[in-house]
Amino acid sequence: MTEHDALIELRGVGKTFTRGKSTVTALRDIDLDVPQGRVSAVIGYSGAGKSTLVRLINGLERPTEGSVVVDGKDLTSLSAKEIREVRSRIGMIFQQFNLFSSRTVFGNIAYPLQLAGWSKERQKARVAELLSFVGLTDKAWAYPEELSGGQKQRIGIARALATSPPILLADEATSALDPDTTQDVLRLLRRVNEELGVTIVVITHEMDVVRSLADHVAVLDGGVLVEHGPVRDVIAAPSHATTRRFLDATLRTRPGDGELEQLRSAYDAEVVTVTVDDRHTIGGRLSDLVRRHDVTFELVHGGYTAVKDDALGTFTVLLQGDPDAVRRAAADLRGTLVDGDVA
Amino acid sequence: MTEHDALIELRGVGKTFTRGKSTVTALRDIDLDVPQGRVSAVIGYSGAGKSTLVRLINGLERPTEGSVVVDGKDLTSLSAKEIREVRSRIGMIFQQFNLFSSRTVFGNIAYPLQLAGWSKERQKARVAELLSFVGLTDKAWAYPEELSGGQKQRIGIARALATSPPILLADEATSALDPDTTQDVLRLLRRVNEELGVTIVVITHEMDVVRSLADHVAVLDGGVLVEHGPVRDVIAAPSHATTRRFLDATLRTRPGDGELEQLRSAYDAEVVTVTVDDRHTIGGRLSDLVRRHDVTFELVHGGYTAVKDDALGTFTVLLQGDPDAVRRAAADLRGTLVDGDVA
Amino acid sequence: KAVASDDDEGGTQTVSIGTTEASAPYWKPLQDLAAKQGITIKVVNFGDYTQANPALAQKQTDLNLFQHLQFLATYDVEADQDLTPIGSTVVVPLGVYSKKHTALNQIPQGGKVAIPNDPTNQARALLVLQQAGLLKLKGGGNTLSTPKDIDTGASKVTVAPVDAAQTVASLPSVDASVINNNFALDAKLDPKKALFNDDPKRPEAEPYINAFVARAEDKDNPTYLKIAKLYHDPSVITQVEAYSKGTAVIVDKPRADLVKITDKLKADAKK
Amino acid sequence: MISADTAWGELRPVFLDSIQQTLVMVSLTLLIGGLLGLALGVLLHTTRSGGILAHRPVYTVLNVLVNLVRPIPFIILITAIGPLTMKAMGTTIGIKAATFALIVAATFGISRIVEQNLVSVDPGVVEAAQSMGASPWRIIRTVLVPEALGPLILGFTFAFVAVVDMSAAAVAINGGGLGQFAISYGYQRFNWGVTWAAVAAIVVIVQVAQFAGLYAARRVMRR
Amino acid sequence: MISADTAWGELRPVFLDSIQQTLVMVSLTLLIGGLLGLALGVLLHTTRSGGILAHRPVYTVLNVLVNLVRPIPFIILITAIGPLTMKAMGTTIGIKAATFALIVAATFGISRIVEQNLVSVDPGVVEAAQSMGASPWRIIRTVLVPEALGPLILGFTFAFVAVVDMSAAAVAINGGGLGQFAISYGYQRFNWGVTWAAVAAIVVIVQVAQFAGLYAARRVMRR
């Protein structure tokens, strides 16, 4: 993908960690553009290099190969002062939170504001606002070790958002959160993206996060960028095996092979898995089939999944009845619905 | 719930943290039995007291009220030596991993084996086995700070399982893991539960984990135990508002109020949300409706969710056609399916 | 077995002697002479004046040679011991030196003078300064005076007690220092350029006679007495004089006299 | 314990003066030497490779300098820096000179204590500050030092005692204080009553300091 | 530098002996005092409230004891523990007695350094070990000390230098070593050539130790 308005550009980036004689290559020849004002998600298995990737973007790690360009500036060639300048415009939510243990919750969130030279009053107001947003107003004077895992993570989020930085890097920002709070955080991230035009890079292993938040998604596998594109496209038609396994495991849209076998033998029926989006409907089609072909159907797997602003459905349908009718009905179903596919 | 074979019993347990004049009550009057050989899940919002609860079970925290009985022994009345005895039979996966930074991955996993006095050879073999299970054989000689978040978590899991303790406490054991690895871990936990009869308490905010692993679920809300029972029952008929919100947010089985309004006005149709389990089918019912009442239906929300060994479905159905027919069809649908409910 | 006198199989005897100036040149001839008589002298060096007497009292050394009778008397009284002199050696003068002034009268009113801080040398230094007319001690002072006894109203200078060795190093900071002979020599100060010296030949110098000291029960030990005598062999005395640049006054008094002086000093100290 | 012939009545004002002198000497040393030592320790920590101000030449020079000065026996150090003391304080003897020497010694000693304590700060929080664009100086002031404050306080408490101990050696240059009192009036006169009175006073001061230090450290670390 | 009249030729064997004595004295002190100090420091850390061996009376006694002994000026300590030294070593002078006194002083000093360094161990890993049923002694040996090893090594390196410095004060009891050499042959005789030769030897020893310490600490902490 090449876009004209890429805010972050990685060109041939590689990162190898060395200790003594042993080396670990965390990233290999990554070319990636992060478009301005969009939410880009990075997914991949544990150890794929996701955290390393975002750490390169704010210069916490230096690439061993290639260049990282943020906002037109090549990080590897900047002076310490210039790097700080760039960093002050990048908020980062750390996977391990990295809260200051010597500061209260208030002090943690106020820290970036102090760096930015905000007045005491403005700091107070802003921290109060953020605390109320993450639901921890009553913890303002607690210290990090007095917080639960999810509370710590929320403080990390509030701290990263404090100065409303134009770029936000979120490394597994909702991993320790319950679903409700996750939704709140995702809504907030969406809002800052839409209202303030903040460019967001989220690392996540939760497809929910990708679906409800991201415009683009990049898939890392063993340090290599194996797939990259708009979320809808990637979800609807994953091109790489890893992406597919990843999606299947998360969305569980298609029954596994074992399950299919079981269904076929149990019901002696035609099994069709169809994917529908908002331009296609499944109910109308099924109603039709029932009327026109005199078959009975059963829904045995799947359902709707929300994808950012709309929904994507995958259903596995059993068709039963007269074999001929079933064959015709199946063909019909495949013909009318998007991505009809015999599972 | 009262069971005869409760391995862990909490009776009137309360826990209040005090610092100076400020106090935080993390748990309040908890009565809970954890049945032997089963998987019990604890869910609840961030800060609900889940971690505190399991920390009470292995005596890392002392209750400020009530008693914690493990295996017939009241922890609060045991000598230090006896507590150690109990603890050596409880494996714990920590939310923040708590890996020994001075030990390699190998050393971390071998630690409990050393405590248990295993021979060097047996240690080696066991660690190798665990490492291969968590997919980190090549990281045996790495130190924790060289690991990714998910890798750390997997080491924490391997360490807790090392001695095959009869009780396992897992505090958000898969929060940092990608879906594939999560599945592997869940499968493993299930195996140790089924094959070795290990009693497991999992804390999680991922309903997937509850569904695929747990027999019982306890719901904590603001330090209070608000619901407790077999997973199927709780999921199918959550009695407490928090449980419901929790389930909705995770499973997203029911459309939100806004969404419902939108559907109603957009389609001018009857909206019915039904829940089905393996004793009831939806396809056959819908086929029937179409034939008998001459209505068209549309599936607009929901789908199937796997629950441990079977599936539970929730579907939101729009019914369109002649008003009378629709009314009758809706009544029909509600009558035949479990938990039919007008949303 | 490093210390204590042992009669070896071969009939030789080892005598350990505590001192604070092990590197002084007279030890060599003394050891040589003793060796000829079958005595091995082992020199045990102490970094400050305070430890040598306790070591002797605890039988960790057999003799010591570093102190004058005044120091000995004070120790015996304060520590309730009965160490005793068995042979005299020298009296060395205590001098007033300066880097800023070349005559006593140049020392300004309110000037500052560094003096040794160990009690006996300190008292002696005060007496020297009194003799030099730089200060006045209440009641005339004695061998146990301390800076508290200075009649400040009637004195020209104030004193700063420092480590005996530091009296030299302090010269740039003060108008004058009262410096022990051995430190002055080590520091290459010319004793002849001293602004003032107390006179070792005056009877008032008696307390400052240096002596070999032994435990009371050893006061008649022939070997020890032999060593004390060997000190006055010309080969040793030559080195003593050379070391002191001729300022040391050799003293060879009978033991009874030394004991008498010491006893008197002890009686004074007890008051 | 105090022997009858010791004019304790006479010694008392000296004793009280000594206490005051010790307090002044030690406080000044800890204040100035503490700040300089903190600065030097922070530099040692931050300029070494991997530090936020990584700079090999500066690190090497500082490291060697500290190693050069620290092992010099205090009594020799006092004399060796005499000319410097003269310039700075106008004298090489007395409490002013002693304090100067103590400050020099404390600076170098404390720098190592500081270095030792900064090492245990979680690198993650330093990264967090860096990621927000904090300057190294800012990080030192607002992250490194506060995060290590607990151990640092214990370290300074340790240094307090070491300085008290060292100040005793300042007796050589008429440094004053309880050390001098103990040695001049006690030790050198074999008067154990006086010696122990002085030591007791020192112990009380140290107990108070240690108690305050532990208390502060626990407050700061909340454990 | 060495003045013409100093018989350097004569001094050389003394100098070499002194180096050896210093090495022996310091190594023994660090070994024995180090172990005892480690034990005492661990006890201070673990017996205080909240520690894994929390025990108020023991803690209070140890804490006060350390505060009692540490501030005693070394020269006075040497004399004060004379009877003990006599019992243990059969003498109160010479290198053996000096080493004994150094060990006593080092034990108490090091205990505070150890305490200070253990404080920064993440309580989470201690809990992890506890949750596996590890005994306190086991936790000390396999968790507390290893987790704090980096700072501990730096702490012991610090103590090394402090001991070298302290050993100079042992000159008062004919303690031997480079300190005595520097003071008796150099400082007290105003022979700066000898003084600096001794100091240079000390500095070399310290540089080597510090280098080794830093290297080991970095190896252990991998940063």
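Chains: A, B, C, D and E, in written order; residue numbering restarts at 1 for each.
The working rule: a contact is a pair of C-beta atoms (placed from the backbone, for glycine too) under 8 Å apart; a residue touches a chain by one contact, two chains touch by 3 or more.
What you see is a predicted model; the values in this text were computed from it and never measured.
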Report summary line: In contact with chain C as well as chain D, sorted by label, we have E
Query - Steps needed, at minimum, to go from chain B to chain D via contacts - result: 2
Query - Separation of chain B from chain C, taking each centre as the mean of its C-alpha atoms, in whole Å - result: 88
Report summary line: When centres are defined as mean Cα positions, the distance from chain C to chain E in whole Å is 35
Report summary line: Cα centroid separation, chain A vs chain E, in Å, comes to 56
**Report entry** Rounded Å distance, chain B centre to chain E centre (Cα mean)
**Finding:** 54
**Report entry** Two or more partner chains touched - positions in chain A
**Finding:** 19, 96, 145
Query raised in the report: For chain D, what residues touch not just one other chain but two or more?
Result: 75, 79, 123, 187, 222
Query raised in the report: Which residue numbers or ranges of chain C touch two or more of the other chains?
Result: 50, 165, 169
Query raised in the report: Which of the chains are touching one another, listed as pairs?
Result: A-B, A-D, B-E, C-D, C-E, D-E
**Report entry** Residues on chain A engaged by chain D in the complex (per definition of touch)
**Finding:** 58, 60, 80-81, 84-92, 94, 96, 98-103, 111-112, 114-115, 143, 145
Query raised in the report: Of all residues in chain E, which touch chain C in the complex?
Result: 75, 79, 82, 86, 91-94, 170-175, 180, 183-185, 187-191
Query raised in the report: So in the complex, which bits of chain A are touching chain B?
Result: 17, 19, 22, 24, 43-47, 50-52, 95-96, 141-142, 146-151, 153-154, 171-172, 175-183, 205, 207, 245-246, 249-250, 252, 281-284, 286-287, 290-291, 295-306, 311, 313, 315, 317-318
Report summary line: Touching chain E in the complex, chain D uses residues 50, 63-64, 67-68, 70-76, 79-80, 109, 112-113, 115-117, 119-120, 123, 148, 150-151, 154-155, 157-158, 161-162, 164-165, 168-169, 179, 182-183, 186-187, 195, 199, 202-203, 205-207, 210, 214, 217, 221, 223
Requested in this report: Within their complex, state which residues of chain C touch chain D.
Outcome: 49-50, 74-75, 78-79, 114, 117-119, 148, 160-163, 165-166, 169-170, 172-174, 270-271
